[in-house]
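Next come two complexes built around subunit A: one with subunit B, the other with subunit C.
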Partner chain A sequence: MRFLDTPFRQALAVLVVAYVLIDFGIPYIPPLFGVDSAPVPNTVVLQYLLTVLAGLLLWVSDNDERWTEFKRPIQEVLVRPDKRVGRAVLLVAVPVLVAFVTWGRVKPEVTAPPSFRSIHPAPPRSITFQGETMQLAGLENPLRSEGSLEAHNEVGKRVYYQNCLPCHGDALDGLGHYAHGFNPAPLNFQDVGTIAQLTESFVFWRVAKGGPGLPREGTPWNSAMPAWENLLTADEIWSVILFLYEQTGNDPRTWEEAGAEEGEH
Partner chain B sequence: MRSLIGALAALVLLAEPALAQEAARRYGDFPVIGSRAAVWVAAQLHLFFAAFVLGVPMFAVVAEVIGIKSGEERFDKLAKEFTRLLLVSYSATAVWGAVLVFALVTLYPGVWTYLAEIFDVSMWVYVGIFFFESATLYLYYYGWDLWKEGRAKWFHWGLGILLNLWGTTVMFIANSWLTYMMSPPAEVTPDTAPGMVQFWSAFANATWMPINIHRLIANVVFGGAIVGAYAAYRFLMAETDEERAHYDWMGYIGNFVAISALIVLPFAGYWLGREIYEFNQQMGITMMGGFMSWLWIVQAFLIGVLFLTGNYYLWVGMGRIPGAERFQPYTKYMLVVLVLGVIVWATPHSMIASRDEISAMGGQFHPFLGVLGVMSAKNTAVNLMILTTFLSFLLYRRANKEPVVGWAGRGTMVQGALFGIAALVVLFYGVYGYFVPAIVRIGFSVYQVLAVLSTIVAVVVLDVLMLRGATSRGEIRWGQMPPRSQYALFILAVTFTWLMGLMGFARSGIRQHWHVFEVMRDTSVDAATPALGYASVVISVCVLIFLGMVAFIFWVGGLAEKPIITKAARGEGPHAALQPAGGD
Partner chain C sequence: MDARTAGPGAGTRRAAALAAGLLCAAALALVALAPTPAGAQVEGAAVYDRWCAGCHGVDGDGQGPAAGRMLPRPRDFTVGLYQIRSTGTGELPTDEDILRVIDEGMPGTAMPGWSEVLTRAERNALVEYLKTFSRFFASSPEPEPLDFPRAPGSSEEKLVRGREVFELIECNRCHGPAGRGDGTSSPTLENDEGHPTVAADLTEGWMFNGGGTVEDIYRRLRTGLDGTPMPSFSDLVDAEVISSEDLWSLAHYVRSLSPGERPPVREVVTARFAEEGPVPTTPDDDAWDEVERYWVPMVGQILLPPRWFNPRVDGLWVQALHDGQELAVLVTWSDPSRSPDPAWDEWATKVMEVMDHPDAGSTAGAGPGDRLTVQFPATATEGMERPFFLQGDARRPAYLWTWRSWQAGPVEAEARGLGAEQPQPADGQDVTTAAVWEAGQWRVLFSRSLTTEGEDDPPFAVGTAIPMAFQAWDGDNGEQGAQGSVSTWYFLSLQQPTPMAAYVAPVVALALAFGLLLLMVRRAQRREEGAQAPASRV
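Showing the complex of A and B:
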């Protein structure tokens, strides 16, 4: 590995390996082991690479000897007469690369710009549901303590397949028939980052009030979720919530004694 | 009855113009940037200076007492130099405080009147203590050479303690005003007249003490960072080796203070966050999961910068310590842990992605990286970063020492085992957190924190015992630091300042369209919570103004000291004894 005998080349190699791992390794390696993955968004690739680059700069400069060695090829290319051709190539290639990247970022595109929105709206303390005020803080699913869970689940299943299936999908993974038409996409209930993080009262609020009931803060939400309070009864909503948790194997978030809840981005 | 109605009608007639007048005077208007930005800039700059002015005396008295106990004069000089920086900064704090008060009185008279009616007594006490604090500061600084020996020196040190007491009390009082706006007591409603609000319940509200503690620690961090930047500036401008040695040492102390206090700051922040949730869940979610949540990703980045830069400074510093070369090969592994920690910590849960990327991911959450977006992963990352930073300090401290106690080998192994156990505990609860309900998971962060803190305490105790009477592999060559290490100190100061402004905005912004949360609504034209981009611009401008003013203060500080140092370097002046500091 004579190529890797200078800090400059070593740093370059680490950067390239990091890029390959992030851009190709993350989407393609986990599926080999049966773990779901997907391409990493460009913003995250950039974020990761910048962090790696910062780490590399610290590594090459935390020691005088290494720092001098690291700078040597750069200085040589910039100064030595016999490197004139390489210098000329770099002086053209680097600005061209920068121009190309800049052009790529500013050229007009037909696709919508990346969305920069919060995904976790803060619920109100109370809501008005079909004319009645409901306190959300501390509210539990009433169906868990009355009647047969099985029967409630059956109702929930019927409600889900009659109303939610087209968007949230047969597998409750957010991949219904219409899902691809929406941005933001319908929620994937199988993901541990969705309903598993939420109390049932939060889910009730979201189902009942839908996109129109999202708070003013953080707009535009662009959610296509209907306000189901106009179409379903409270028991039907609670049933479908039971069904969501039962089917995905997730447990709803429970309330702390004092009513505190952890937040997560 | 008729007379009663008549009296009421007269009252209404009398009151109406007064009400109309009050409504008209509720908000003032500030040209170009608007009232909110004007108050924001004034408050932020006041806070920057105040944090510095409150943080520095804390370690000034510590440095002074070390000087008294050890008899090493360099600590006394250091404490005095810290205090000299205070003098000019103190004036700047007061000036910006006055600007803030005038801005509030003229631009937000309604809010000001409301708060003044509840907190009037504490405002008078505040001013009184501020007066005593000023007098104590002047006595402390100008009496330095007068009360230099024997019991007088202890009296002088007592003045330093008193200065801290006044400063802390002043801060606690002011904190009550702003925390009341965030978390007023439950019994206060929009209809409660300010005169009817019970003073003590308003004063000691839900977030008051967590903010007090968080700010107390953060002030030390901030003070240390700014002092480090001052030392870096003086180091780069130094003309003699003596000066370089002195400011290299001072920079090291500044960095040590900042990073040591930074290590405990997340725990205080966690408490504050929990109290905010306890007070109002909606407010907590807005802060951590709602539209303020992106600030936490920015925060993760900036704190990552702090950890990386703080460690980097120590690693570069090892170059001037004989014996450190045996530890230098390990720094790259620590760097890997830190870089991975930053990557995990700053991975957003919901990612910024184009429409195509979103549909490829099947939603806003990445199916594989999504697991890094939740608190289990982030708590694990930050705890491991804290452990790594502590290890850097330990290696730095050990670098030129050779323990002589017989059990040194076993002691080092125990220390290593403690690190290993702490890392395993942190990892175990980090991974286990994914398999338990959220309510159980919240408690796990406490175990992670306890594992790290108890390891730090146990390892330090062992280290102190182990290095008793240790032989030296050679003195630290203070002053032989490459200039790039000093830029690391600048980065620390800038990052801390920025971070403070950004997270201060998060704390204040979660009130949203309320002056006093759910009690007094903001009905001004600026009632909408500012977009993060706009907020970042305002905060960055505040940071620039602050750093510009600090640069001026450093320059003024240099004017006062320069002739003395130069004389000392030539061996002429009274400070001729100023020596390159040895040891650490």
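Showing the complex of A and C:
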């Protein structure tokens, strides 16, 4: 560790390690908890590094001796005759870097408008389903209290495999063989943030009305989900909803839970 | 302790008994833990019924409820015929072969990979269970995999030789002269079940159902894809018509026809500003070779009736250029037929017969021809709002450019819903098209002025993100009307000519940084001089 024997080199090493950890290390954390990862945005990296730098400066200037020691290599490069090459490199490299960063900031570039997606837009109180008014608030899946659950699930499975599978996939993970063609991507029902958070009447509304029936805050039309009321009966939709919960092992949100949470707000 | 209280003889006996007991218990535990084939089959059956039967059917006959909406169909396990193997043609696959397909899925088909969904034990159990559907596994000796060496390196000479072998053993008969599946035999291809079968598009290696590496390709050349028209070429090697080195060269050549990896999907298609002059007016212009191309994956229109589950066009390459006056968009895609082509009529009829038709609609066979539609919002959109990606909606119409292989114009139209197109009047048509079909590929060029006099033509402003979506039809695959391929919205961005300020700013920043640094050095040196005169200079 002879390399790390001066405060300047130590500070430099800390900065490099911090950069590697922030830029390359952090993206590895979410998968440990089963969450999808994404690269850390450059602005965040910059912010973290500035924080680290501030901490380092506090540390090196903490006592006079270390401060002098820290400055010495900088001072040497600036003045010592035998460091002429280092000085020249510094004089060229830093301005070139500055120019490069400036170019990156001023060159014209167009990015897609950000597409925020409201995964759980507020549902309406009632909808018109195939010509009939349907109250959503308090509505339960009628098939849960009627006939054989197993038979309904069997129907739901058929409906799912014939209609939903191309996008939402065999594993109900939103990775069907057509999923790559659609933006925004089809919903992953295995994810605890999707149907497990919703009442079955909410899911019915989303299935029946699809992308075209999204309210304004759900970014109108910005979903490839069909309005299934044009293709399926109410019973078929309720059975496929049963199947979604059954196959993923999720439980729908109950109206008691929904009510309790409303009360808290 | 026992030994001490009960004497040495009793101690050894007890220890022996204990050891024997432990051994028995361990043996029992091992027997219980080791998946006996019977136990694995029971577990495999449960996994199968839950996750596989929807497509492959509870009886393993490939007749699950989803099967009729897929082509190629899900595998029928009862006949014991497997495409992706490491064994010779006509032989059963090894357990590893079956497991590999379960793990990785089959790209280009509806079969996903299961390695992230099911545990290793579940997948192993599944292999055991799948084998019970066919009597051949129980009655045949364990299949022996062929010997596959590692891939030798590639070279220019090998690619040239590979191309020769491609023609020598007549790959082009089905896969076409440039590998896009447009060979003269293509329209007649069918598998053992009599279903129409597509010769793979060799320019889309990421869609190969058995994998797209050189080793994967070589293995398929050796084993064939049993049950399909793709033969094994091992017999030609055995008969010394070609060598196995030739097959490696061929594998390298086939690999070279596709990009290195699955092309990334990028949301913004940039139309570069052509500083050197006017935009090209033909699809063949060499200038296009220099223009960045963007991959747009396409899938079947399965939102509105009549839905379409067997799209032919699985993606488009999009390129765009503008010169400040004119915008040119070039769209390139693989299509094995120049529709309408009578040679393909029967194909379309067979496709219509084999596919389920859940919605009322045309099942007539071939459509009128090939078609491509590019969509933009007809009126300016704000923020995230845009028309429905299937030709707009009542509130937000879409502005369409349509090219048809069977008739000229009208190109420009407005639509408020799929199929509800209103062509603009003949004297208001401002878009020109130019199309070339060659070796299984369409290249279609659209050109329009950035601003026109037509009041229904949205202007193309430089430096903004303009929503853009696509639809494609292959008439000879039975596609027309609502039945074709679609994409959701992308964005077209017309590059701004770089303003002078963008060049000046970095130069100024460079000069400033250099000046400051120089100042710093001088000051430090002067201070040093003051402290211990005389000293050196820069």
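In this text, the second predicted complex is superposed on the first by the 139 of 265 C-alpha atoms of A that agree within 3 Å, B and C clash if a C-alpha of one lies under 4 Å from a C-alpha of the other, contacts with A are read in each partner's own complex, and residues count from 1 in each chain.
FYI, a contact is a pair of C-beta atoms (placed from the backbone, for glycine too) under 8 Å apart; a residue touches a chain by one contact, two chains touch by 3 or more.
Note that the structure is a prediction, hence the values are computed from the model and not measured.
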- Based on the superposed arrangement, let me know which partner A:90 touches: subunit B (first), subunit C (second), both, or neither? second
- Query: Regarding the shared-chain residue A:35, is it in contact with subunit B (first), subunit C (second), both, or neither?
  - Reply: first
- If you stack the two complexes on chain A, which partner ends up touching A:187: first (subunit B), second (subunit C), both, or neither? first
- Message: Touch test for A:48: subunit B only (first), subunit C only (second), both, or neither?
- Response: first
- Query: Of the partners subunit B and subunit C, which touch A:111 in the superposed model: first, second, both, neither?
  - Reply: both
- Please indicate which partner A:122 is in contact with in the superposed arrangement: first for subunit B, second for subunit C, both, or neither. first
- Message: With both complexes overlaid on chain A, does A:253 touch subunit B (first), subunit C (second), both or neither?
- Response: first
- Message: Once chain A of both complexes is superposed, is A:131 in touch with subunit B (first), subunit C (second), both, or neither?
- Response: neither
- Item | Overlapping contact positions on subunit A, where the subunit C interface meets the subunit B interface | 111-116, 173, 175, 180, 183
- Note on the structure: Counting only contacts in the complex, subunit A reaches subunit B at residues 26-27, 30, 35-44, 47-48, 51-52, 54-55, 58-59, 61-64, 67, 111-125, 137, 173-175, 180, 183-188, 191-194, 196-197, 217-218, 251, 253-256, 258-265
- Query: Can you name the residues of subunit B that touch subunit A in the complex?
  - Reply: 273-274, 277-278, 280-291, 293-294, 296-297, 304-305, 308, 312, 315-316, 319, 328, 331-332, 335-336, 338-339, 342-343, 346-371, 373-375, 434, 437-439, 441-442, 482, 484, 512, 529
- Item | Residues of subunit A touching subunit C in the complex | 75, 78-79, 81, 84, 87, 90-91, 94-96, 98-103, 106-108, 110-116, 157-158, 160-162, 165-167, 169-171, 173, 175-178, 180-183, 210-212, 219-222, 224, 226, 230-231, 247
- Message: Quick check on the complex: what are the subunit C residues that touch subunit A?
- Response: 50-51, 54-55, 64-66, 69, 109-112, 114, 117, 265, 267-268, 270, 297-300, 302-305, 309, 356, 358-359, 383-389, 393, 396, 463-465, 486-489, 491, 493, 495-496, 498-499, 501-502, 505-507, 509-514, 517-518, 520-521, 524-525, 528, 535-536, 538
